[in-house]
Amino acid sequence: MTARATFALTAFGLALLALAFVLQGAAADPVWLIPRRLMKLAAMIVGGCAVALSSISFQTVAGNRILTPAVMGYEAVYLLLQSVLVLTLGASGLTLWGGSGGFLLSILFMLGYSLTLDRWLFRDGRADLWMLMLVGLVLTMVIGTVTQFLQLRISPGEFAIFQSAAQISFERVEPWRLLVSTILFCVICLAGWRGLPALDVLALGRDQAMSLGIDHRRAVRRLLMLIAVLVAVSTSLIGPTAFMGIFVANLAYALAPGAGHRLTLPMGCAIAVGMFLLAQLMVEHLFDYRTTVGILVNLACGVWFLALMLRQRSMI
Amino acid sequence: MDRPVAPAAGPGAGNDCRPWRRRGMGRALPGALFAALCLASLMVGAGRMELAQLTTFSGEAWLTLTASRLPRLAAVVLTGAGLAVCGAVLQQILRNRFVEPATTGGLEAAKLGILVALTLLPGAGQGVRMALAMAFCLAASLIFAVITARLRATVLVPVAGLMYGSVLGALAEFYAYSRNFLQGMQGWMLGDFSKVVQGSYEVVWLVLPVVAATYVFARRFTLIGMGAEVAASLGLGYRAMVVLGLVLVSATVAATVITVGAIPFVGLVVPNLVSLWRGDDLTRTLPMIAAGGAMLLLICDLFGRLIIWPYEVPVGLTGGGVGGLMFLFLILWGRR
Amino acid sequence: MILLTDIGKSHGTRAVLTGITARFPRQSLTSIIGPNGAGKSTLLMLIARLAEPGSGRITLGGADIARISRAEYARRVATLRQFPAIELRLTVEELVAFGRFPHNRGRPTAEDRRATDEAIAFLSLDTIRKARLDELSGGQRQMAFLAMTIAQQTDCLLLDEPLNNLDMRHALRIMQALRSLCDDLGRTVVAVIHDINFAANHSDQIIALKDGRLHSSGTVDQVVTEAGLRDLYGLDFHILPRPHGRLCDYFTPKGEAG
C-alpha cells in the first residue's frame, strides 16, 4: 500500500507540474501555445524516461552507482559525430543530417560503441569498469576541446545550431523526430519489459546471476544494445545530459519504496521528467530566460552529487 | 585496485627508476631536441621570415621576431613547463596520478575568476584579473583537496574532479548567460598562442619564479606524496606544504589561462611519462618534467601552426588531441 | 553425483589447476580444503560453471555440464559465492525469493512463495525476514544468502567459503544447516572450508588441494591425519580425539604442545 501511495503522490505532483507548464499564460494564444507546449512536454517525457532507464539499467549492469552511460563516453561519441558532421558538411549538413538520417546514423554509432564496450570490457564477463571510465573521461575531455574549437570557428548561425545540439534544450523538438523517438522508445520498453525480472537478478552480481540461471554474457550484451538506443534517443531529442543520470538514478534508489527495478525505474522516470518540467518553469518564470535548462540541470545535479560524495564515504 | 598507473599508496610510494638509458644520452638528446624545437618555433609563421633576412638586420624581420615570435616562444615554453610542473605537484598533493588542473576544477575556477573580474570590474587591468583568477583557483583547489581526502577509491578522484569542474563551469555559464556574456567567454576557453604578442603576454613570466620555487621545495612535495602521517613523522608541516603547493599551482594556472587559455592534458601526461621513465623523486625529475612539458607544447604548437598553414589550429585543440591520445596510451599500456 | 575427470585450468601461462579427478557422491557433504592459492575456489567455480575448464570433463548425473543449458543447470545446482559488495536495499524475504528465479523467471506462484517460506524457516530467519540486508550483520546476511540458495531447491549446493568472516556462533549454525540439508533433505553439498576443524567435524568427505593438484581425498578419517595435514599445510598438527569427533590442534608447535 505504501508503494502505491508513493507512486500516486508522485504521479499527482508530476501531473500538476505538467498542467502548470502547459497552461500557464496559455489564454493569450491557446491555439498556438498549447500544441507547441504539448510537444515539448512529450519530448521531456520521452527524453527524461530514456535518461532514467538507461542510467539505472547501466548502473545495474556495472554494479556501481556512479557510472552512467554519459560518464562512460556515450554522449561524447554522439557529440563527436555531430562535430565531425559540422566539420565535414557544415551546419547545413548538420541540419540535413539532423533529421532522420543523422538520427539513424547516431543510433548506429551508439550501437557500435556499445559493441566495442561489450567486446573490450565485458570479456570474461568481468567488467574492467575503471578502465572504461577513464577512457570515457578522456574522450569527453578531448571531444570537449574539439567542440570548443568548432564553436570558435563556425559562423554565429552555425554556432547557434551547434550550441543547441550540445546542451539540454526542448526548443528544437521537431514533430518528425519526436515521432521516431517515441516509437523507438516504446519498442525498447516493450523489448525490455520481459527482461525486467532478470534485471533484478543481475543486480546481485555476475556470479549470483549466473548461478540463478542467467546467461550473463548475453544479458549484458542485450542490455548494452538497449541502452545505446536509449542514449541515442535522449541525446538527439533533448541533448547531452552529462551527470544528470547519476542524480536521477541515485535519487530514484532513495525515493522508491523498494529495490526492485519495477519500482526504481518508474521512480527514476518521474524524477527526470519532473526535473525537466521544474527547470523549464524556472527558466521561464524565475529567471526570465536569463539562463537555460541545461545550465540549471548541470548546476543542480553537480552540486547535489558533490554533496553526496562528501556525505557518504563509501559510495562505490 | 592495483593498477600500475594508479597505486593506492600514491605516486610517492613506488620509486622505480629504470636505468635502461645511459645518462649521457638521456641528457644530450633532449637538449638538442629542445633547441631544434625552439628554432623551428621561431621560423614558422604566417609571415615569411628567413635567416638571411635576420643577418641583414632587415627591420621587418626583426620586428616579427621580437614582437611576435620571441614572445610566442617564451609563452609556449613557460606554459608547457609550468603546466607540467603543476600537474606533478598536484599529483603529489592529491596523491593521485590522474589529476591535473583540468581534472581538479582549477581551470574552470580560474575562468570563473576572470569572468567575475571582467563583469564586476570592467576597467581593471590584467593584474586584477590575474589576482582574482588565482584566488578563485586557489579556493577551488583547497575545496577539492578536502573532497578528495574523503574519497577512498583513487579512480574516483578524476571523476569527482571533472564533475566539480563541470559544476564550476555551469556556474560560470549561468553567470555569463545572465549577463549576456557567453560568446565573450568562449574566447578564453581554448588555449591559443596566436594572440600572444609583445605587451600582452608578460604575465606568463610569473611561471618562471613559480617553477623555481617548486624546484626548491621539490623534496618536500615528494614527501607529501607519501601522505600526512609519513610527512609528519619526518617533521614536515603537511598543511603548510599543501597550501603552498596549491598557491604555486594556482598562480601558474591563472597566469597561463589569462595569457593563452585552457590547455588540458599537458599536466597529466608529462609527469606520468617521466615517472614511468625515471621514478617519482621530484628533486631529480622536476627538470625533466618542466622540459618535457615545454617540448610537448612546442610540438603541439608547431603542429597546429603547420597543419592548415597559413591558418592555425589553436594549441588547446592539438594539445588536447595529442595529450588525450598519449593519455589513452598510458592507460592501456599500464593495463598490461 | 558430480564427477570431475582430469580437470585443468590456467590463467595465462600460470596453471591454477592440473589433473584434478574427483567425485562428489550424492547426499553427502564434501569439504574442499587446502592452503591459500591452492585453487579451491577456482575448482568450485568450474563446477558452478562460473568459469570454463581449460581441459577435462565435469559430469552431473552422467551428463556433461557444458551441454546443459544455464537455466536448466540453475534448477539442479545452486551456487553461493561471497555476497556481492554492492549495497542492496532488499529485504531478506525479497532476497530469498530470488532463489525461485530459475523456476519462475520472475513470475512467482504460490508454490514459489511456499518454497521461500520453507527456506526462511529452515534457517530460522523468520524474525528478520522483513529486515533490510544493509541493516543486518555479516553473519545474518550470509544466512540470508544461504536461504536464497536453499530456496532454489536444487539437488546440489556449491558454497564458496560460507564461513568467511563469521563469528563462531554463525559459523556453527551454517555448518549445522548444511549437515541437515544432506541428512534431512537429501541434498548434495560441496563447500570450500578454511577452518580445518569445521571441515573435519561436519563433512562426510574431504578433498584436499595443494598447488592446483589433488593432494588427497576420501573420508575424513582418510584425509585428516597428522602426517597428511602436516604435508598439506606445512604445519605441525596434533589430532586430539573427542567423544563426538576430533580436534586438530595446530596452534602450538610440536615442542611446546607436551
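As written, the chain order gives the labels A, B and C, with residue 1 at the start of each chain.
Keep this in mind: a residue touches a chain if its C-beta (ideal position, glycine included) is under 8 Å from a C-beta of that chain, and two chains touch if they have at least 3 such contacts.
These figures come from a predicted structure and were not determined experimentally.
Peer 1: What chain sits nearest the middle when you go by CA atom centres?
Peer 2: A
Peer 1: Could you find the two chains linked by the most C-beta contact pairs?
Peer 2: Among the chain pairs, A-B has the highest number of C-beta contacts.
Peer 1: Using mean CA coordinates as chain centres, what's the gap between subunit A and subunit B in Å?
Peer 2: Measuring from centre to centre gives 33 Å for this pair.
Peer 1: How many angstrom between the C-alpha centroids of subunit C and subunit A?
Peer 2: 42
Peer 1: Taking the mean of the C-alpha atoms as each chain's centre, how many Å separate subunit B from subunit C?
Peer 2: Taking the mean C-alpha position of each chain, the two centres sit 55 Å apart.
Peer 1: Enumerate the contact residues on subunit C facing subunit A in the complex.
Peer 2: Going through subunit C, the ones touching subunit A are 45, 48-50, 70-75, 77-81, 84, 86, 88-90, 94, 98-99, 101-102, 105-107, 152, 158.
Peer 1: In their shared complex, at which residues does subunit A touch subunit B?
Peer 2: Result: residues 66, 71, 128, 130-131, 133-135, 137-142, 144-146, 148-149, 151-152, 242-243, 287, 290-292, 295-296, 298-299, 302-303, 305-306, 309-310, 313-316 of subunit A touch subunit B.
Peer 1: Okay, in this complex, where on subunit A does subunit C touch?
Peer 2: By the definition above, subunit A touches subunit C via 63-65, 196-198, 200-201, 203-208, 210-215, 253, 258-260.
Peer 1: Taking the complex as given, what residues does subunit B use to touch subunit A?
Peer 2: Residues in contact with subunit A: 1, 3, 6, 98, 102-103, 147, 150-153, 155-156, 158-160, 162-164, 166-167, 169-171, 173-174, 177-178, 186-187, 189-190, 264-265, 313-314, 316-317, 320-321, 324, 327-328, 331-332, 335.
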